[in-house]
């Protein structure tokens, strides 16, 4: 399986943010997107996720389910956590499991996800009580409550401490080791096992 | 750079064509309007029931006709934008909305002025006036929604969706208002038959107003295209300076 | 389908837990209806004659208050982005959320309407009809309202704009809702108004989610 971007040109407003970008991410691999603010990291991720229609070129998932769009086979974690404050931690995770996943072992999955991100002791608390870092971890726990081959993460370590970042790195490594692939926009180096780096600033072609 | 010109290619052809058409349509509108006004005010008899006030009809009916035609044009343009992504379709919808609202307002105003001597009051909740009033609200909604959104491309598409929802609900609104009207004031029929002597002035005025609308619509579309070009050039200029600064820093 | 129910269940749970929206709508409904006799005078015959109209208009205004949160909250915390990547087409996402709005706002208001009818000296015979028409008519309020909520999701002062856009679309529901209650004397008129009201609700249940989903797709870009 591989995620392929072919000759992408993406506009935001009247500005061409990305022009003539092609790459492929194979199963078992993580691609780190780097570049200054405004280099187009978020725009590229949202294009891969299918929210933004590229002006030219296309994104496809080779070896995926042809019936589904790339977005339907991907976890997208953006700047927001998609956490409901008046639901408990467990209810938040259980909702995303019920909504995104059709698998059988719902409770097991939710339990594993919360445990991995160190939230099992907090599971009965409303999410409103969580700190910013804990909310981020709950947002990231969505990656584990449903199985999806493609992970698209935008600055996932924002507001995470070192220990939590390591938990995230472990989750991404598990994911790639079991045949998943990931594209991660980050400005901090992440200690991933099999990662390549794509610097978007260097891709810029002066007009 | 090249893609930008590609995107403007269609509007460019439109600009050439409209520049050639506009004087003819404007002249036609002026001539027909003058002839129509002459017919309406001097060459047609006063009504035996309504007296001189019948002459308001020569303004009211064309405005009412345009209020509906322009909404249909907006709906058609919106469909063109959403389905075929035609760049001119949005320019057309955007330019038509304030014009349509203005003609709808004129229809309400003249209807009300005509109503004063006829009904003894400026406003009667007559089925047709009520429908036109709600149509006016729909126009206001379109204009307000577009002006409330900053991203122009999103504003275009969302306004187009609203226009299509409006055109779907409009027949239901018309039907419900007619139902409501017969329920509350049965059998007050103001639709007296049109006397043959009124037909010619009405027809001339209707065509004159339609031409007038299209002249203004073309002009507004041209202005909108020019405004977008200026905006695109400015954005490019800003982006260009940004790039220079970035290169300077490296 | 599991996703649809999960979303519906979550939205209803949130509305009940956050409570404020339902309570505010019911309180607003009560206050507006109580203001009417203060403005019109306490003539019970007059009030009884226009009770259906007052109740329906106040109900529409009360429902309008809670509309703008249908999509806004999910947009702000990023939930909408994730919902869009789910197995459910966006049309069903908007349908589930509109249905949740009807369950948490339309039904409570419809139940509240006859209670407020007492304040307006509404004819006793009209009570069952009032409950039936408000229950059948309020889906249109939620599903048409969802269109407005989706269109105005990202605008400043969204609430006022939402009212301007949505209220004209409510005209048919208002007319047939009221005519069903006040046509109480004639059974044929009642049946006709009631059936047309149901038909309008059905049309909006189809139209609303389609248009709202189209608007959300524009916003997600």
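Chains here go by letter, A, B and C, matching the order in which they are written, and residues are numbered from 1 within each.
Convention: a contact is a pair of C-beta atoms (placed from the backbone, for glycine too) under 8 Å apart; a residue touches a chain by one contact, two chains touch by 3 or more.
These figures come from a predicted structure and were not determined experimentally.
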item	value
Chain whose averaged C-alpha position falls nearest the assembly-wide average	C
Taking each chain's C-alpha mean as its centre, the one farthest from subunit C	A
A-C or A-B, whichever has more C-beta pairs in contact	A-C
CA centroid of subunit B to CA centroid of subunit C, Å	31
Euclidean distance of C-alpha centroids - subunit A vs subunit C, Å	37
Chain centre separation (subunit A, subunit B; CA means) in Å	47
Touching two or more other chains - residue numbers and ranges from subunit C	221
Touching residues (chain side subunit B, partner subunit C) in the complex	82, 134, 137-138, 140-141, 144-145, 148-149, 154, 157-158, 161-162, 164-166, 168-169, 172-173, 175-177, 179-180, 183
Subunit A residues touching subunit B - in the complex, by the definition given at the top	9, 13-16, 55-56, 206-207
Residue numbers on subunit C that touch subunit A, as the complex places them	2-3, 6-7, 10, 13-14, 17-18, 76-79, 81-88, 220-221
Complex interface listing, subunit B residues touching subunit A	1, 3, 151, 231-232, 235-236, 239-240, 243, 247
Complex contact set, residues of subunit A against subunit C	49-53, 71-72, 74-76, 78-84, 86-87, 91, 95-96, 98-100, 102, 139, 142
